[in-house]
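The following pair of complexes shares a single chain, chain A, combined with chain B in the former and chain C in the latter.
Coming up: the complex of A and B.
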C-alpha cells in the first residue's frame, strides 16, 4: 500500500518519466552503435555509460566543469517555463553574456583581483538580461510570439558578438577573442585539490548558489508566487490584480540574465578558453532546453540533468576510440529529450497499470 | 412493455474515479425518461457511452430488446440514437437546411440534390410543429431555433431514441415551454426521449419516468406523477434539502457601487456590448442582473472588476471614481468578485488550496514578510476557511485546486471572496454547474452577506435563483438594462418577456 502511494504521487511519476526517457535514449544509441559497427558496439556503449569516470577524479571534475554553462542555460529555460514562456533565445543571451564578460575581463584591468571576476560575471548577467528584454517586451505588451522574436535575437546576438569582438577584444591570429586578464579568471576555490588535474573552478559554486536562490525564489517568495500564477493561469493572475506584463518582462529578463551568466562562466574559465568568431549559434544555449525539459523545469532537476548530459557528452567523446563519430552522443541526447516529451505517456501507463491492479485487489 | 433502451450494469472508470458503477437504465418506447443527478453524478458519461463516445469497461447495451455493441457515434446513429448536445454542433455560416443534411447528403453524380431534402425537412418541421426557417443562416436565428434545428437533424436521420443533454440551459422561459411541447409531441409520435437535467420543474412538467444517479451509482427509477419534488431532490442529493429559502426583509442602505452610462464597444463590430448601462447597488441588498446568456452581463462584471477596458462612462466604488484604476486598486478599495468562469479566472488550478485561498491577499502583511510568503500563516488561514465553509479537499490545504470537484472549487472561491470582507460582492453565476445542496449553501452565504450590510450584485441566468434570492431585478437585453423590477411583483413569464426583449420598462 505504501509503495503504491509512493508511485501514485505526481512528483514520483514525473521523475520516473525522466528516468524512462534516459534509459530509452541510451537503448536507442546502443541500437545505432550496433548498426554502424556491431563488433565494437558493446565497448562503445560501455564508454558512453562509463566514459565520464575515465581519469577518476580528474574526469569527474571535467564532467562537472563542462556542465556549468548548460546548467545555467537550463536554469534560464526552466525559469522562463515557469512563467509560461519558452525562452528559446538562450543562445543569443549566452553569447552576449560571454562577450560582455570577456570584454570586462580584458579591458577593465583597473579592478582589483577579487572584484574583477565578479564584475565580469555581473556584466554577463546584465547583458543576457538586456538581450532578453526585447522579446520580453514584445511578448508581454504587443502579443508577439516570444519564440519567433527570441530566435531572431539569437542571430542578432551571434553577429553582434562577432562584430564587437573583432572591433574590441580581437585576437586576429586565432580569429577569436583575446584571453582575459588573470584577475578575471575564475578562482579555483579548492576545486583543484578536490578534483586534481581537472579544469573545475569556482564557477560550480556560483551555479549551486543560483540553484539555491532560484529554488527559494520560486517556492518561498511573493515574486515566485506571482510569476507562477502568471505562468499557470494568466487570466487568474490578472483577476488577482497581479501586473502580469511586468512580471513576465521581469522573469524573462531574469531568465536571459542566467543564460548570460552561463556565457560568462564558460569564458572566464581560463585554460585558453576564448570566443571563436564563427557564424554558429552557441550550442550551450540550445542544450539548455534539453536540460530544462529533462530536469522537469525545477532548479535542482536542471542541476542533475545538466550533470547527466555533460557526463554523457564526455563519455560519448571516448567512443571515438572505437572509431565511432562523436555525433553519436548528440543523437543519444536528442533521443533522451524526445522521450522526455513522452514522459506524460509513461505516466499515464504507470497509472493505468496501478489502477488495473487496484481493481483486482 | 417494450423497451427502446436498456443499459445493464454499465461500469466506466476514469483515472481516480468511477464515473458509472453498475448503472442500470431502462427506457420504454414512446416515453420521456428523465435522467436526474447532480453534477458529476455520471449522467453525461452514461449518455456518452450510449452514444458511442466512450466505451464501457463492463456492462451491456440493449437497443429494442437486442444486445448491441456501440463503438462510435456512427454505430449509435445506425441504431437510431441521436443526441442534442449542450453546445450545439452547427455550422454558423451554413443554412439550416445545409446543416441538417450534413453527412447524409442526397447526391446524384457528385452534385447535391437539395430539392428532395428540402421537401422532407419541411414536412418534418410541420409534422412536429418545429417552425424552423430552413433557408436562414444559422448565425441569424435564435438559440431556441438552433435547438430545433438540432432536433430536425435527428429526425432527418430517422433517429427514434433522442438524447437531450440539459436542453433548457440556454433558453428563455417561453422557449422552454415550447420545447416541452415539442418533446411531448415527439413522444406521442413514438420517439423515446432521454432528458438529462437537474431541474426538477422540467421533470415534473414533461417526463413520464425519472431515473436518478448519485455519485456514479444508480439510485432508482420513479414514476414522475407519483413523486414529489422533495422526494426527487432527496434521491438526487442523498439528504433532505430546502427548496425554498427562508429570507427575511432587506434593509437597503447607502449606495456602494454606482455604474453611470457605461459603454463597452465590441472589438469585432460596431455593436456596443454594454450600451449606456446605469444602475446603483445598495448596501444590504441583493441586486440581480438577469438576462439570457450573451446579453452583456459577463462584460458588465468584467468591466466593473477592471478586467475589461471600457469605452465610456463611470464606475464609482464606495464614492470614488475607479474607472481608470487597476484591478488591484479596486480589489483593495472594496470589491470582491466571484467570477463567472471559476477555472479560467477564479483559480490557479495547479496551485494548492492554500495558495489559491490567498490569491488576493498574499501580498498583505498577514501573509508575507520582506517578500517571503508566510506559509504557516497561509495554512492556518486556509484551514480556518476549510472549516468555516465546509470545503471538501482530500489533502487539506495542500490539495491541488484542479483535483477538487466543481462544487468545492466554487466553495473555495466563495470562501476567499467573502473572507476579503469587502463592501461590494459581485457574484457571477455562483451556482452554475453546481449541485442543489451546494447551491443552497451558496445562496445562504449570499443572503448572509446581504444581511451583514454588503452590497451584493448577483449576475445570474437561472430564473429560480433570480426570483428566489434577489431583492431587485435588473434585466439586461442586448447590452442595455430594459427592466428594473421587484421579484414579488412579477411572474416568471413576465420576466421572460423582458429577457427576450419583447417588453421593456422604465429603467430610471
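Coming up: the complex of A and C.
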C-alpha cells in the first residue's frame, strides 16, 4: 500500500513538473508581449489562452487536425527516449516519410480507393524507419553519437527529398510536390459531421490506434520491458541477457517509422498542403521533441501534449489580430522545453524532500 | 587562373564561419558541456550584429562598423549561452534538451523582434565591408590574389581566433585546467580547480565565437538577415568532431566543408565539373555523408572529451 502511494506521488510529481513548465512558458510569453506592446498585451495573451476555442467546433476540429503530425513525431521521440537514445532526427524521417507517401499517392493510382491511402501511409512508415536505420546501426555497432548522426541524416533527408521530388512528383509552377490522387487522401470518417467546417479526418483514428498500440507495447510486452531496461541501464540489461544492440536498432527504427508516418499523415490530409521544395528542415520534427518532453515520454502523455501545443499554435494565429507576430508561440514552446529540461531535476528535489520527511517519521 | 582565385575566395567565405563556430563548440566540449545550440547562437549573434549595423550605418561605415557589429554579435552570443550554462552547469539539466530548446528559441525570437521593430522578418544592410585589395599584401603575386583580394576583415579575425585558440588550449594554464574539467571533473575538483567556473568560461567562449560566426556567415553572403544561418551551426558540430576537438585539425575540416559548399554553389563555373552534370544536390549532401562515414570509422577511438555532456555535481557521488 505504501509502495503504491509512493508511485502515485511519483506520477503526480511528473505531471506537476510538466504543468510548471507550461505555466512558466506562458508567463514568459506574456512578459514578452508586455515588453513589445503593453497596450494589447492582455488581449493578445487572452487570445493565446482561448485561441483554440475561437472558431467553435470548427476551431476545435482544426486544433485536433493540426496536432496529428506533431503527436506522431512526439511519439517517435518518446519511444526512442525510453530506449535511452535521443532521436533528434525526426525532421529527416518525417520528410522522407512525407515524400514516399506523396510519391505513392501520386503514382500508384492502380490501387483501389480503400487501399491506396493505407499503402501510402505504410510507405511513409517504412521510409521513416529506413532513415532511422543509419543512425541506429551507427550508434549500436560503431558507437557513433546518435544525436550527431541523426542531425546529419536530417540534412541528407532534406536534400534527398527535395532532389527526389524535383525528379518525380514536381509541380514546377509552385515549386512543390504534385497533389496526390483523390484515392490517396485520408477519408473523412464522419469527422466532418462531428466537427463541421474543419479539416479533421481519419488521420486522428490512426493516431489514437498508434497510441494504444504503443502503450500496450511499452507496458505489457517483453519487447517493451527490454527496451525500457536498455534505456535505464544498458550494462545491467546486457548482464540480464537482453541483446541491447538489437533492441536499440529495432526501437530506433520503429521510432523513425512513427515520424515517417507523421509525415505521411500530414501530406495526405486533403487540405491542399504539398511539400515545398525549400532548404528548410521540417519543423514538425523538432516540435515532436517538445511534445515528447511535455508528455513525459508516455504515449498518452504525447497525445495530450500534442493537443496542447496545437491549441497554443491555433491561438497564436489569432494574436495577429493584435499585431503580434505569430512567432510568439514558437518562443513559448521553446521556453516550455527549456524549463522542461530541468523539470526532471525539480521533481527529483521534491521527491528527496518527501523521502527525507518520510524517513524521519 | 581567375576561376581558381574566385573559388579560393569563395571557399574562405564558407570555411571561416564554420571554423570560428566549430572552435567555439570545441571550447564548450573541452570544458565538459555538450553544446548542440551552436545553430541558435549563430542566429542570435547574426541577428544582433546585423541589427546594430542596420541601425548605425548612417553614422558609421566600413571596417569600423563591421568590427563593432562583430563585438555586439559576440556579446549577444555570450548572453544567450548564459541560459545554456545555467541549465547545464547549475541545474544539471539534460544538455541536449536545453540546447534544442535554445535552437528553437533563437529563430522565433529573431523573427518576432524583427517584426515588432520593422514589420517584416528581414533586416537589410548595406554591404560596405568588402575589401577590393588589402594594401601591400594584395599586391603579392598569387598569394595576394588568393587571400588578400575581394576579402573581408572577418576572414583575418577567424584566423586570429584559430591561432589564439590553439595557444590558449594547449599552451596556457587556463587551457590545461579547462581540458581537465572536460576529461575528469572530479580529479580537477580534487586539486582545487573550480569546475563550475571553468565550465562557465568554456560555454561562454563558445557563445562569443558562435555569435561572431553568425555575423561572419551573414555579411559576405547576403545583404539582409533572414533569421536563419542555413544549418551552419549543425555543420560546425560536424566540423568539430571531424577535427577531433583539435584547432589545427578543425581548420582542415572546415576547409574541406568549405570546398564542398563552394563546389555545390559554383560547380557550373568549373568546366570539367559542369561537363559531368552531377546534380547540385550531390555536392550539398556529400559533406554530411562523409561526416557519417568518418564518424563510423573513428568513433570507437574518438578523442571526445570524456566527461562531455555529463553534468557535474559538486560533492556528488
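The definition used in the following text is that the second predicted complex is superposed on the first by the 337 of 361 C-alpha atoms of A that agree within 3 Å, B and C clash if a C-alpha of one lies under 4 Å from a C-alpha of the other, contacts with A are read in each partner's own complex, and residues count from 1 in each chain.
Note that in this section a contact is a pair of C-beta atoms (placed from the backbone, for glycine too) under 8 Å apart; a residue touches a chain by one contact, two chains touch by 3 or more.
Just so we're clear, the structure is a prediction, and the values are computed from it rather than from any experiment.
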(request) In the three-chain superposition, say which chain, chain B or chain C, touches more residues of chain A. (result) C
(message) Quick check on the superposed pair: does A:310 touch chain B, chain C, both, or neither? Answer first, second, both or neither.
(response) neither
(request) Considering only the touch criterion stated at the top, classify A:176 as touching first (chain B), second (chain C), both, or neither. (result) neither
(request) Could you look at A:225 and tell me whether it touches chain B, chain C, both or neither (first, second, both, neither)? (result) first
(request) Please work out whether A:238 is in contact with chain B alone, chain C alone, both, or neither, and reply first, second, both or neither. (result) first
(request) Go through the superposed model and pick first if A:66 touches only chain B, second if only chain C, both, or neither. (result) neither
(message) Per the contact definition in the header, classify A:163: touching chain B only (first), chain C only (second), both, or neither.
(response) second
(message) Could you list, by residue number, the parts of chain A that touch chain B in their complex?
(response) 220-223, 225, 228-229, 232-233, 235-243, 348, 351-352, 355, 359
(message) Which stretch or stretches of chain C touch chain A in the complex?
(response) 36, 83, 87, 91-94, 96-98, 100-105, 107-109, 111-112, 115-116, 121, 228, 230-231, 234-235, 237-238, 241, 279, 281, 284-285, 288-289, 291-292, 295-297, 299-300, 302, 304
(request) Going by the contact rule at the top, pick out the chain B residues touching chain A in the complex. (result) 13, 15, 305, 307, 326-329, 331, 337, 339, 341, 344-351, 355, 359-360, 362-363, 368, 371-373, 375
(request) Sort out for me which residues of chain A touch chain C in the complex. (result) 32, 36-37, 86, 88, 134, 138, 142-145, 147-149, 151-156, 159-160, 162-163, 279-281, 286, 289-290, 293, 325, 327-328, 330-331, 333-335, 337-338, 340-342, 344-345
